[in-house]
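Look for chain A in each of the two complexes below; its partner is chain B in the first and chain C in the second.
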Partner chain A sequence: MDDTRVRIDVEPSGPSETTLCLHGDIDVFADAALAEAYASATRDGATSLRLDFDDVGYINSTGIALIVRLLAEARRDRREVLAVGLSEHYREIFRITRLSDYLTIVETPAAAVSLEEAAP
Partner chain B sequence: MTALTRPVRRLFGRAAAAPAGLDDATAAAPSVAIEQPGIAVEIPESDPLFAYLQAAPGPVDVTRLELASAALQQLRDAGVALVVPLVTQGELIGTLNLGPRLSEQEYSTDDRRLLATLAAQAAPAIRVAQLVREQAAEAAERERYEQELKVAQLIQQQFLPRELPKLAEWQVAAYYGPARVVGGDFYDFIDLGDGRIGVVVGDVTDKGVPAALVMARTHSILRAEAPRLVEPGKVLARANELLVPEMPARMFVTCLYGVLEPASGRFVFANAGHNLPYLRTDHGVRELRATGLPLGLLPDVTYEETEGEVGHGDAMLLYSDGLVEAHDPQREMYGFPRLREAMAADDADSDLLDRLLDGLHAFTGGGWEQEDDITLVSLRRAAGVAVAGWTGDRPEVALTHDATPATAGEPLLVFSIEGAIGNEREAMTRVAAAVAPLGLEGPRLERLKTAVAETVMNAIEYGSQGRADVPVDVRVDADDQAIRVQVTDRALSGPVPDAEAPDLAAKLDGRQKPRGWGLFLIRHMVDAMDVSTADGLQTVTLTLARDGR
Partner chain C sequence: MTATQPDRKPTTDGWARPVDKLTTTATTRSVDTVTGRRVAGPVQGFGQLWQKTFAVRLEGVDTDPETVVAYWKERFPTFWPKTARFYAPLSGIQPGEVALLDLPTVGSAPVKMSTGVLVIYADRESFTFMTPEGHALSAWITFSAFRDGDVTVVQAQALERTSDPLIELGYLVGFNRENDRFWEATLANLAASLGVASPAVETRRLCVDRRRQWKYVRNVRYSPVISTTVSTVTAPVRWARRRRAGGRAPE
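What follows is the complex of A and B.
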């Protein structure tokens, strides 16, 4: 499927943490890109994933489903997931869908700390 | 077979016997004067005399007969000398028993011939008389039985509630279907006086009038004790205490009693051996468990209490075993799994009880004779979002809502887009631009945008089936109070299916597919969502108040 609406950069952001920088819309067209990005992030043995939504303007219900799928895989693989850069509106959507119960939402990229750093 | 010996004075001797089956009027006819009380001599089929008489060509002299037979001895003791078998169609249906001749002479050959002729002619007539009497007795028994059924039904119906409680935000429904042979099912709603409602479903073992009487007694006890004791465990314990000494042998009552707080949806219940209630929530269907012995079996029983919560949009079903124990023509039982599936398929648009009964009748087939009473009670709570003027008959977010809200004045925007996947983004942007001058607050605008995008996406996916040549129409109206967005599609796939309520935990565990968030999001984003269909078109109307939350 055409994925020109989205680009995902996969970047290491800590010893065991990888950041998926999402650019564009998270909808049906992000399917392959998100799956690829997850596979790439986990190949290097990252135990936590940071999803950076700072450059995302639109997430629809299909996009929510893709995030659920990624979260399910991460839980299966015992990887923790962190979400940064979500707008107030999408934080609300993550809350009512209860995604916020299963991943850690950090309100601004500046405040985002990796799970490793936050650990005692 | 019983032969009644009635000594009579008559032509052939001092003592004779009316054959079995003749009634008293016949025996007391003028020519048959009774001299002394009759003696009943029974000749069982197992007695050798029975077979002997059945095969005998004519009258039998019992004084000379050598046969190891108890009945033969009884006849002799009763003074019978001659037995004339009454045989018709090869079956011994009685005997004509005669004592010795008054002349003390033996019965002559002519006497015997005459008696044989008489017996041959009398036997069929007597058989007819016997059959008539048997049929009359059966008819009387049937009538008595039918009468008992009517009485049982009357008792039963007398104690069923005449109306259902009217609770704001709740849809309460009940069904009672008696079997022909009425069982002892019952249900009740008890006003506890503080807004709470006692809910009872029970079943008395046994059928007919005895079961109906026990049901009536149980009903009365619960009515008296529930408002006083309230707590379900205590109410059932008290009912048991009162019922144990009164309960007829081999009878008991299964009963579930719960207290519903309509405002919170809290349901506390105790169970005396009855079927467990099913609760359908967004997370699926589950049983609410509580155990306890049936009422009336043993004294000093305690009942544990269990608490459940019927959330907004949830439904609870209480039922008797007549439903789950119904059989199809192949004798397969309906069973709990089918009930659970039917419950899981419940939605706000249909009547749960109608759905269950339709499913049951489809399962049992047309010629089904209901084996046991069926009682169903459902308590459904309205969905918690977008409640506006719900009357208790149906939730406001019914997907088959017929009325399209009236829109007055010129629309802010009207446009059509191609029904191609991904075009919802464009529709969302255009609607956002159209309402921008209205000064909607940021978060509310974002909610409207998401609701519009999801609605158009549904229209494209289902109404247009993703075909660019099948358009989706969008119209935006506004007045002082609200913004309304109407999305109209060609309904190529029929109505938008009301997908299974999304449960994130189930999705993460793989029990639900990751998708299925669309309607959920729409309902959370706007103040109301209505669906109407007309002329092959389906229109979803989203309403958002301009100065809301």
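What follows is the complex of A and C.
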């Protein structure tokens, strides 16, 4: 599929934490990009993933399904997931869909403490 | 398959408003097992996580994704196999509305499973259902249409886990395949209705997570296996009460 509406930068953000910076819209065209980004993060040995939605414009229901799938894969692989930069609208969507049961939502990137730093 | 992007970006108001407990404007001929329940998507289910994609190409049909999705929403129940019933809410398939369903249990057995779905999202090119507690599946299913070159493709994509261990057992002995056949038949009916002479439904199944989520084993308290059994056993009592009250006997 053509995924030119989304770009995902995979950047290390700690010794075992990787940030997936999402740019653009998360819809059906993000499928391959998200799968590739997750594979890349796991190849790097990350045990924690930070999803940065700060530059995301639109997420439709297919996009949420892709995030559900990514969350399931992270749980399967015993990786923690943190979401930062979600707008209030999408924080609400994550609550409606009960995705918030499975990931930690931080209101702004500045407020996001590294999972590793937060760990005792 | 190379999909082309839609020209217009959908609006963000296609999402349902948050609710703690579900309510419905749909009227069922059986039992409303949804009112008062919460939604339960794939993350809250018990069984293995499956991603299933059913797609059919509308070869030879001159139409576009928006027209197809509008038509699908309008006549959604008519494309289901005859063994199932979909009781639409008063305002149709709109975000936040809850539809009630009677689904077949095993093959053509006369016993039906009463449940429902929340319309969690709807826009011009797609709509999505999320299941409530007490549904056999903890699922998220998106119905959409898109262009692939010169052809419009219709798709249903489910992300689903069985809700509880009893249903998971059923899945292992054939419900899983039966569920696939349900959606294959639905898409074939839709395509035929739109004028496709011999619809060919393509099915892709991917097990995303093979593990069972034992932390949700207590979902069994809402299991449709139990509620359907109770409903079936007590049906004569309800029928007798309705007769005494002067109501119409069930068909």
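Details
Simple rule for what comes next: the second predicted complex is superposed on the first by the 120 of 120 C-alpha atoms of A that agree within 3 Å, B and C clash if a C-alpha of one lies under 4 Å from a C-alpha of the other, contacts with A are read in each partner's own complex, and residues count from 1 in each chain.
In this section, contacts are C-beta pairs under 8 Å (C-beta built on N, C-alpha and C of every residue); 3 or more make two chains touch, one makes a residue touch a chain.
These figures come from a predicted structure and were not determined experimentally.
Within the superposed three-chain model, A:Phe29 lies in touch with chain B and with chain C [touch as defined at top].
By the touch criterion stated above, A:Arg95 is placed in contact with chain C alone, chain B being left untouched.
In the overlay built on the shared chain, the residue A:Ile8 is in contact with neither chain B nor chain C.
In the superposition on chain A, contact is made by A:Ala65 with both chain B and chain C. By the touch criterion defined above, A:Leu86 reaches neither chain B nor chain C.
Within the superposed three-chain model, A:Ala41 lies out of touch with both chain B and chain C [touch as defined at top]. Residues common to the contacts of chain A with chain B and with chain C across the two structures: 5, 25, 28-29, 58, 60-62, 64-65, 68-69, 71-72, 75, 89, 92-93, 96-99, 101-102.
Those residues of chain A whose C-beta lies close enough to touch chain C in the complex are 1-2, 4-5, 25, 28-29, 57-58, 60-62, 64-65, 68-69, 71-73, 75-76, 89, 92-93, 95-99, 101-102. Contacts from chain B toward chain A in the complex involve residues 421-422, 424-425, 428, 442-443, 446-447, 450, 453-454, 457, 502, 504-505, 507-510, 513-518, 520-521, 524. Chain A contributes residues 5, 25, 27-29, 58, 60-62, 64-66, 68-69, 71-72, 75, 87-89, 92-93, 96-99, 101-102 to its touches with chain B in the complex. By the touch criterion stated above, chain C contacts chain A in their complex at residues 1-5, 9-10, 12, 14-19, 39-44, 49, 51, 120-121, 123, 126-128, 130, 140, 142, 144, 146, 157, 159, 208-211.
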